[in-house]
Structures are given as structure tokens and as C-alpha cells.
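Following are the structures in question.
Both complexes below contain subunit A, partnered by subunit B and then by subunit C.
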Partner chain A sequence: MTARGAMAARLAGHPTAVAVAKRIGVRLIAGVGVLWGAATLSFIALHVTAGDAALSTVAGQGANPTKELLDQVRRDFGLDQPLYRQYLDYLGRLLHGDLGQSYQQRIAVSRAITEQLGQTVQLAVSAAAVAVLLAIGAAVLTARRRPWRSIASGVELTLSATPTFVIGIVLLIVFSFTLKVLPVSGNDGPRALILPMLTLALPIGAVLAQVLRSELEEVLEQPFILTARSRGMRDTVVRVRHALRHALVQIVTMSGFVVGGLLGGAVITETLFVRQGVGQLMLSAVTTKDIPMVLGLVVFAAFVYVVVNLLVDITYTLIDPRLVTR
Partner chain B sequence: MSAFTATAAVLPRTSRIRLRPGLILAGLFVAVVVAAALVPQLLAPHDPLAIGAEGAFLPSGGGHLLGTDESGRDVLSRMVYGARPSLVMGLGATAIAVTGGTLLGLAAGLGSRLTESLIMRLIDVVLSVPELLLALVVITLAGAGSTNAMFAVAFASIPSYARIVRAQTHIVRRSTFVEAATGLGIRRSTVIWRHVLPNAIRPVLVLSTIGVGTAISAGAALSFLGLGAEPPAAEWGDMLSNGLQYISNDWFLVAVPSVAITLTVLSITVLGRELRRRSEGRST
Partner chain C sequence: MSSLLEVAGLTVAFEGTRVVDGVSFTLQRGECLALVGESGSGKSVTTRTLVGLAGYGAHVHADRLRFDGTDVTGFTDRTWRRVRGARIGFVLQDALASLDPLRPVGREIAEPLALHTTLSRAERAARVRELLESVGVPEPEVRAAQYPHQLSGGLRQRALIASAIACDPDLLLADEPTTALDATVAVQVLDLLGSLKDNRSGLLIVSHDLAVVARLADRVAVMKDGRIVEAGTTDAVLQDPQHPYTRALLAAVPSAHAKGTRLSTVERPTVPAPAPVLDPAPGGAPVLAAVGLRKSFPGPDGVARVAVEDVSLTLRAGETLGIVGESGSGKSTTARLLLGLETPDAGEVLVDGTDWSALTPEERRTHRRRLQIVYQDPLSSFDPRYTVDRVIGEALGVAGYPRGIRRRDRTVELLELVALDAGYLGRRPLELSGGQRQRVAVARALAAEPEVIVCDEPVSALDVSVQAQILDLLADLQARLRVAYLFISHDLGVVYHASDRVLVMRDGRVLESGDVRTVFADPQHDYTRELLAAIPRLATHATPPPTPMGVS
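After this line comes the complex of A and B, so read on.
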């Protein structure tokens, strides 16, 4: 693009390719910075607690450790190196996807995560899909329609204030113990997925629905909606084709909240329904004080969050050119 | 203060007190919970830890309005006594989080460029991890128990409070009354203490009402995971995870604490939202 073309594009409100690339680049650096910070904090926590790291590894096996054995373990974990060396090694290993060794399970943290990840991804992705669909359905059907609007927003308020485990327990009591139509726990089959998925989806969906409805109601007051209506367009079509498209951007903004809710909720949901997954892994690491495992999972969670936010930012830059020129 | 009255004059609708039934119910319920937390012995019919002679898993009725649990303890009494640890968790964690958040936010908003960017980047890092996972990290490092759980919940919510205070500090410190106070030669610490802090903290105090509900919920979640209160104590989250073992025979044991937690969090949220709505000067 020529300089004059670029100027014209800027005046017309269209961002240049350079501006878009610059914005994405800035976001990328910020994301890497957050991950570096998370890794550093994690290293500090590891180092502060490393004094008993070697001891806890051996003591976990019920032995009375000799000095040679402890030194051996310290060498294994690289605890005899100078601090900056350990830090650089740690960062280097992270870059290779190595999150460290579990004290308790004596396997790589990254391996433990990859073994459990599939189950959690299945749960989280299906829950996110259900949450978004429920939110869209509730918002489109009830925006600016009394009395449905107040009923739906009351239900949403209740669901969003209810702790995740309570929602799960209510679902269990109704569907597993009273109606006896769905299994209580386990990982096998799609039927076992339904209740955990709903447990995770309902509180997130409720918050999304509230945000989406208020956005939708704002859009429905815009002049272009009136124009669409005056052309004789049916209400449903106006809502879905014109208003929803604009309001959906708001859902994209909420992805950070959704990811946080899914990851935190997975710990509770997997515990309640006795499902395997990353959440279970986290809880068992916390109860056994497996610090490298806990911190590895936290760094992993930060990684997921940063990647999702980066994708959201890039999507945004591509759909909404105003963000770059502003 | 004058800014507030001016807004009220422009928007007369907001100054009119409008009480909806939901709001009254929420207020009443919070009052009951507070009463139960202050004087449980007046409301509970039995000792929450006493093992009754009548037996375990009694249905509701008779001497036990909500029946008895697996050890023959009175469920209603345990529910009443559970109010105090929950409120202590909610209020304590929120107080710690608001204090920490305000200090960090003020330091970021008033400090040098370097201080500000250091604090804000640190907050970005901490915010990239879900709150529950942060609380779990604190518990891993500090150990389980109800006090540690309170600090864990508080720690996890410090960053969001700090962000609000810092944003608010930026607005306040550019305002004319701060400029006037500085121009009058009032000492910097006095300006911060008397003018910046009270104005920067107001939105946080409003939001912290909702935060109390969230903290109660988070604390109950930690107890539910077995990382909060110690088992014999009457605590809702613990009653819940304990009752879960008997859910197939007697789901009532799980339903009672579930209802108690949910109604408490919901009522506090309803009151907090109303407070926020009024402080923002909107009536819808």
C-alpha cells in the first residue's frame, strides 16, 4: 500500500495492515510477558519451598533418608546449582513444555497433565458450548419482552449466585436419585457427561445471558433496527439477523471470564462427580502438597488464559477495525 | 458530597426509595443470618455437636425440626451454628482483600511510573490464573484450615479490587478539588488521606458488598473440597461434603446446607446489586 493509500485508508477509518500487525504484536508481547511473570512467580514459590522438596520426595516413600540419598535427590532436581542457573534452566525447560517433575507421582507434570487433559477438555468445551447456546437462547427470547424478561433474569441471578457444587448437587438429587435417569459419577459414555456439563455450564451461561440481554436491548433501540422493522421484517428475524450479530461481540469479550470459570469449576465438578481430569489432578496435588504439580498446573492455566485472550484480541482486531484506529 | 447531591437533583427518580419484595426478602434473610451468627444459642434448639439419643438419620419432625444427621446431631442447630463461620469467612476475606487491594491500588495510582507499571503487570499476571486455583496455591503453600482458607480467598480477590482503586485514584487525583488542596499547600499525605482515599475507595466499598457473597461461596467451595474448616465443626461447606456420603439414602442432609449457602449468597448479592445501582444513580 502506498503512503497516500495508507493515509486515505486511515482517514476512511480502515486500519492499515501495518497497524493491525502492530496491535497484534503488542498483544503478543504482553501475553508473553504475563507468562514470563507467571513462570517467575512459580519459580520463586518453588525455590522458597525447595528446602524440604528433596526431603518430602524421599520421606514420601516412608524411608529415613541418608545424607547421600538427599544429595542424590538434590542433584536429580538440580537444587545444588546456583540460583540464576536454576532460574534459567527452569525457563528453558518451560519453553520446551517441561513443567517439572511431580514430587509425589515421580512423573513429569506435563505428562500427568496430557494424560488427564482430554477428559477436562471434553467437559469444558461442551460446557462452554451449552453455556453460550443457553445464553443466546435466553437473551434472544426474552430481551424487551415482559414478563419473560423478569422471570429469566430472576432465574439467571439465582443461578449465578448459586455455588457450582450446589447446582451439581441439585442436578444429582433430581436426575440421579429421584428420577434415576442419569448416572451419579464416572467418565464412561456421553450419559455420564450430561450432569457435570450442565453443572459447569449453568452458572457461566447465566452470567453470559445477563450480559448478552442488556447488550441486545441496547442494540434493539438503535435506528437501524427501526429501519429493518419498517421494511416489514419479522421480529424474530430482526432479533437474530441484525441485533444478535452485534451483541455477540460481547460474548467474545467475556471469554476470559468463561475460561476462568471453566478451569475453576472443573476442580469442583470433577470432584463432585468423581470424574478424572485436570481438576482432580489439581485437587489431589493440593492435598498431597505436591508443589511442582500445583505450580505446573497454574502455569498451564495461565498459558491457556493468555492464548485464549490473544485469540480473542486477534479476532477483535479483524472484526472491529475501530479498535486499531482509535 | 456536593457532587452526589447534584446528581440526585438531576435524577429525582433515584432518590425515591423503592422497595421491591425481593429486596425485602433478601434483607430479612440477611438479618436472620446475622442474628444466627451473633447469638446462635438463642435460635438453635440443640447443641450442634451433641450426639442425640434418639438416633441417626431421623426424618424431620418431633424434637428435630430438620431431622438428625449420620451421628444423630440436630441438623437445624448445625445449620444455625454454621452461619457464623460463613459470615466470618465472607466478611474477613473481603476486609483483607479490600485493604490489600486499596493499598496496592493507591500505590499504583499515586506512585511513580515504575511502581505503577510493576504493580499493574504483577496484577495482570495474577489475574491470568482463575481465583479458585490461586486460592488452592495459597492452601498448598500455607496448609488447609479455616483461617488459611480465608486468607486464600482474600488473596485471590486482591487484584480485582486493586485495579478498581487504581483507576479511581487516577480520576480523583486529576480532579479540581485535589488540585485546589495541593495548591493551598496542604501536605501530600494529608491530601491523600483526606481527599484521595475517601473518594477512591467508595466504588470499592459498594462492590465489596457483592464480594462478601462471593467470598462465602468460595469459602464453602474450599470446605467442600476438604480444605477449609475441620470436620466436627458446624460449617455449611463441611456439612455438605459430609452429607454427600449419604446422599443416596438421605439427600435432605445435603439439601439443608445447600439451601442455606445459596440463600445467603443470593440475598447478599441482591442487596449488593441494589446498593451498586443506587450509587451509580440508575434506577433500572
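After this line comes the complex of A and C, so read on.
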């Protein structure tokens, strides 16, 4: 046996630490680039769109602020500076982790986000878990099994094509108004979480199930599945132990879609169920043209994306060791 | 004592189509039976039915299906599961695909033990080591922790066999167990399978290649279109085949006596062909030459691995140069260097006397036309969405045929050259058989009117009888068009049949070269002798045993 062979044997097929570190390093640099791009694009988008931030800040019901007052507001927020100065100041603050002050709430954007984050994380994480579990269950149990396959597929198609708020309303009508088993709205307790969580989870889970099933069906054609069954293993166990891991790569790849769906869906779900959270915060920030708040939320969302994608990349190498050692 | 396996009137149908149609055979303990037939003959489905895994949507009927005296026709999946893996082991073709690629082989081998025994985790690990040792895998502890893609083809196949025999089954089913392997490795694996069989257990081996199973089988059953057309002891079937199909299968195997003759029963095309070139390329400038080629690739650890070292060759018009060697010997890298797809680290490739490396990319493109390639697996070298018309039309477009009637006519002409017709124009690769696909691949290569066609394992993925047709086709085309072939294969029998001269490669170097008859009759190198000894042989009356290849 050669020295190389001996080393390969000792590592026994696991990716080398150097190779993994290199992958992560490259991804980190790319992630910083993504954050900068998100900050810049949303900055441009917010400043070129119509509307006067100063006016919308002081304009309450029926208010008619004087020019002096508006100028005062502009000076306070630095809105009188040329756009490139505002941009550079903004980037400079961002480098120090400072997301700025909300025009409307007059508190630090980061504080506003952290205050609301807990509720949204609770909603999003539970919804994601339910979506993935539903998808795995539906796909493993129905792949290549007629007639269940067509039934499940039809339900999934309907769910993924239905707008989130419709699903929410249907759930509300059934469980809150008719059966009266779950609360209509609010943030208190796990019972209030169930309907918003399902509203958010069902359409995402439906898409994941479709993808996962078609992956599974492809994997089930592979000879190693036949080998596993010829050892006397139950079909369902073969699916879970051998096929699922191959198909999960696809789900991991779709994490970006899931995170996007959760963030977007949170806005609608939190509004519909009148829950506090980042989604509500985003909605009110956009309608009142609270520029620092919107920018802060966008950068925050981009940060979540980058972190998730980094985790996805690490997960790949855990699921499929061939990706590094090949 | 009853037979180990008793099958009578077995019929398996998928959506009304009978794939297996009234198959009957028996297998005694201590016996090896071979089921032989081409792809689609129903032999694999028959085997799978014997473990109750005929497939999705299969309708199985049998007059009698007994395993060790027990009627298994009424078995439910639950009862089958107690038999599978425990009393019947199953080995499939390619271990790279037949072992779970995401699990270390040790865990795969331990799986049947976990299912059928009460061994503890540690005991299972010990048993896995024992099993790996018993199938001839060195350093079992290390190998058990490795993934299938990290093992060589031979080791992988041994690991797969180890997982099938883990519970010491009475019956071992092996479906094309050596088809994915190099000849020398295949022989070792066959011998291993033979040694596993004792007088208590039986072995059923399935293959498309009579020559392979003849080494092992006591009896042979030949299958065609779902039926057994001939059955008997191996000697009787090989020496005195009764059914015309068996005779065709036997004749299709390239062997010493068949060189220069036709292997298939397909008639030579009636198109008037110029007289065959009897003395290929007596002198004349080589159309393709290589001098002192060297190429290395960086390995995963950053250390360069030499793939090709000091390879020189010449190829003249109308001649076939065979390159033979096992996986990893540098055959394909040599081909890529010749085609100009890789740049050599040292040495030069001369196309019609011009050095590839001296050409600008623009000039290279005009030279590319002269060299074409036919790959092993045409399915993966075609765009699955393209029709035959488009596949060949694209090649014609590159060769300078403008779109239109002329191109269409030329496409049909090319199809006729490879014994297909205009009826195939609208087909897509998946709607063609393996042999038809390879014909289309040849037609595509011919579209550019090349001087050289590099055939990289052109028949390795084909059944023996289809292989025979393709080899005949290539010979006919060479006689008509004086195209030169660089014929790469791991199969010495095929190379011997197809080539005028041969290079024997190992570890990137040319060990031996010369006239194919001389090299095969009087090999100078030990490795060449080893390769020649591994050729599966048929002891038929037509071949003077025991030196069918003229090897003394």
C-alpha cells in the first residue's frame, strides 16, 4: 500500500479539514459581497422611488408641517446631504454594525428588530420544521405507491397554488369560527401559534414534498435500493435509511427557497393573525417610508440568507462525502 | 432430498407484456447454473422473481416455485423478508451503483446481519472484518470504513459479494457480477464466486456472455425472449449447441479462429464495396502520430499523478491500431491527447504531419474534423432530447453542410452506411436499442468524413451478439472508406479481432507493441501474458483447445 493510500485509509473517506475550511472561507467572502449588494440595491430603490421621507415622518393625520419644520427634519436625518454622502455614511455605519435610527419609532433599528425577532423566529422555525416533516412524510409514504401518489400530489398542487392568506382564512374559518378550538389572533401561548404556523408551513411543505417525491422516485430506481431490499429489509425502511438521504440533498438545496418563503410569508401571516413580529415591522416600515428601518430589515434578511446558505454548504459535505473527496 | 430450487412454468408480465414466459429449471445443492441471454431476454427479471422482487407492477405466475422444498408462490412480502438476505443472497452488476454510495461499505455488509441475526454491534463489526477477509479484501478494517467510490472496481464487487453472503445463504444469485470489471479482475471475482459455493449451497449466475459463465457453470440455460431455448450441461451446450440462437451467441464471441471473418449473422451490405484492403497501409505517411507523450494530473492531495508517460504511436490510413489495458492504464487519456482535447506536458501529436500544439485554435478547429470519436456509452454522449436527424445534422453542420435538402440526403446516406434507414430520423436516443445507438454514434463520427475515428471502448456496453454486429460494421466501413481506427478496449478478444497492430498499456506506459498476431502469439511481457490468460474462453469444437488464442 502506498503512503497516499494509507493516508486516504486513515481519513476513511471523510473530507479533510483543510478542504472544508477552504470551502467555507470562499463562501464567507461571497456572503459579505451579497450583504453589500443587498444594502446598496435597497438603498438605491428606496431613494429613487417617489415620496418625501421627511414629509411622511412628520405627517400625521391632517398635519400640515411648515417648510421650516421639514428642513429641520431633513437636517436631523441627514437628508439634506448629497445622495452619495448619505450612501457612504450609511455604509460606514453598517460596517460598525449600526443600522441607524428609525424615523418613525425614534429608536435604534437594531433594537426594534431584536424586540420583534423572537416572535417571528418562533413562527418561522416551527413552520419550517412542520413543512419539512410534512414533506418527508408525504414523499416517503407515497412515492411510487399508487393511488396514494396521485392523491397526495393533487393536494400538494392545490396547496402550493393557493395564496397564503386564503389558506390562513380557510384555517381560521374551520378551526376558529366553526370548531372554535383555536384562537383567532394574538401572540399569547403555543395555541395561538398553531394556525399561523400551519398557514406558513402548508404551501412551503407542499412544494418541498413535490420535489422530494420526484427525487425519491429517481433514487428508488437505483440498483442499490434493490440490493438493500434483497437483504430482507422492509420497503419503508429502505426508503428512510437508503433513499431519503440521497433525496434530502435536494431539500437542502431548496433551503434558500424555504427561507424566502418564510420571510415573505411571515409578513402576510403576521398581518392576517394580528401577531407582532418582524413581518409586521416590515409592513409598517414600508408604508410609512421609514428608510432606515426598511434598509435594516433588508440587510437583516440578507444576513439570514447568507448564514443559511453557508450552513447548507456545510451540510452538503456531511450528507454526501463524495462532494469533497471526489 | 429435494432440489434447492425448483421452477416450473414461471411467467412474469408487466402491463400485459410477458417478459418471462414459461421458464422452468431446477438447481441442486452444490451446483452452479448459468442463465445466459441478451438484454431484454428476461433473465434478470427471472432472478429477481426468485427473491420476490420481480418489480413494480409485475404479475407473477408459476406452476411450481419451490425453494428448499417450500412453496414460495404464496409468500407475502413479510415472509419473503425472512428469506431474502438470510437464505438467498443477491449480487448485482456494478457495485458502484449497487452499494449505497453514501454509506461506508462496512455498514452495508453489516446490514443483513442486523436484520437477520441477534449479533451485537461489536460482533457484527468483527463478522464484517471476517467476511471482507474471506472475499479477499486486504486490510478489512480500513476498507470497511471507506465509501464505494473510494474502492477499486474489484474490491467494490468483493464487498458487494461479502454483503450477499453475510448470513451464509443457501442460494446465491449473481446477476452479471463481472460485467463492469476488467478481464483479470473478472476472473478473480468469478473464481471467488466459485469458491464460495460448497456442497450445501447453490449458485445461479446470470450473464449475457457464455464465455464468462462457462468457467463456472455446471449447467447452462440459454434464454431468449422470455423463454429457455436450450438447457444442458455446460460442455454439451458449448460443444454441441442445438438451437440456432445458441450457435449465434457462440459465434459472436471474438476468438482466434474468427479473426478476419464475420462475427454476426447479419449479411455484408450489398452496396458495391471496393476490394478490402488486404495489406493495410504499406508505408505511406501516417495520418496520426504521437511522439513521447506525457501527461500528469494533480491528485486530490496536490501530488501530480502521471497518467501517460512516453507514449509514441503511428496510425496510417485504413489501419486499425488497438490500445489494450485495464482501467487506469492511460488508454483514454492517450485518446484525449491525440484528439487535442488535452495538452500534453511533453511530446507532440502530429495530425497529417502537423503538430497540434503548433496550431492556433482557429486552425485546430479545421483539423478537428479529421479526427472523430465513438464513445462507450452513446446514450450519455447524445443529447437525450435530440432526434437522430438532429444528432447527425449537427455534425454535418460543423462539417460544412448547409441546412437543407442536401444535409437531409446526406443524413439518410450516413444512416444507410451504418445499416439503418430514414425511418430512424425521428427517433430519440432512448427509443433506440444499444446497438442502434452505437450505429448512430458511428454515423455521427462519419459525418465529418474523418481520416481517423477513435473508438473508446465502442462495444463494451453491448451484448456479445450486438458487439459482433458493431465490430462487423466497423470492419465493413473501413474496407469501404479507408478510415483509420484507434481502437481502445480492455477486452483483448475484441482488440485481437478488430486490430492490425496493438499497444499494450499499463500505468500510463506502453509495455509492448507490434502486429496483433505476433504480440498475442508470443507476448514478451509478463503482464501481457497475464491479460491473455484472463480472456474468457470457449472450449467449442471449432476452436482447437487448449490454445484458442494461439498462446502457448
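Here is the rule we go by: the second predicted complex is superposed on the first by the 247 of 326 C-alpha atoms of A that agree within 3 Å, B and C clash if a C-alpha of one lies under 4 Å from a C-alpha of the other, contacts with A are read in each partner's own complex, and residues count from 1 in each chain.
As a working rule, contacts are C-beta pairs under 8 Å (C-beta built on N, C-alpha and C of every residue); 3 or more make two chains touch, one makes a residue touch a chain.
Fair warning: this is a prediction, and the values are worked out from it, not measured in the lab.
Q: With the two structures laid over each other on chain A, which partner does A:I173 touch: subunit B (first), subunit C (second), both, or neither?
A: Only subunit B; A:I173 stays clear of subunit C.
Q: Between subunit B and subunit C, whom does A:R191 touch in the aligned arrangement: first, second, both, or neither?
A: Neither partner.
Q: Figure out whether A:V298 sits in contact with subunit B (first) or subunit C (second), or with both, or with neither.
A: first
Q: Once the structures are superposed on A, label A:R75 by its partner contacts, choosing first (subunit B), second (subunit C), both or neither.
A: After superposing on A, A:R75 lies clear of both subunit B and subunit C.
Q: Could you tell me if A:G261 is touching subunit B, subunit C, both of them or neither one (first, second, both, neither)?
A: It touches subunit B, and subunit C stays clear.
Q: Of the partners subunit B and subunit C, which touch A:T164 in the superposed model: first, second, both, neither?
A: After superposition on chain A, A:T164 lies in contact with subunit B alone.
Q: In the superposed arrangement, which partner chain does A:R106 touch: subunit B (first), subunit C (second), both, or neither?
A: neither
Q: Residues of subunit A touched by subunit B versus by subunit C: which partner has the larger set?
A: Larger number of subunit A residues touched: B.
Q: Do subunit B and subunit C touch any of the same residues on subunit A, and if so, which?
A: Overlap of subunit B and subunit C footprints on subunit A: empty.
Q: Applying the document's contact rule, which stretches of subunit A touch subunit C when the two form their complex?
A: My answer: residues 1, 4, 7-10, 12-13, 144, 222-224, 226-235, 242, 245-246, 319-322, 325-326.
Q: So in the complex, the part of subunit C that touches subunit A is made up of which residues?
A: It is residues 48, 51, 53, 56, 77, 80-86, 88-90, 92-94, 97-104, 108, 111-112, 115-116, 138-139, 142-143, 145-147, 149-150, 160, 163-164, 299-301, 303 of subunit C that touch subunit A.
Q: Where on subunit B does subunit A make contact in their complex?
A: 22, 121-122, 124-126, 128-134, 136-137, 139-141, 213, 217, 220-221, 224-227, 240, 244, 247-248, 251, 254-255, 258, 261-262, 265-266, 269-270
Q: Any idea which subunit A residues touch subunit B in the complex?
A: Result: residues 30, 33-35, 37-38, 41, 45, 49, 154, 157-158, 160-166, 169-170, 172-173, 177, 184, 259-261, 263-265, 267-268, 271-272, 282-283, 285-287, 289, 291, 294-295, 297-298, 301-302, 305-306 of subunit A touch subunit B.
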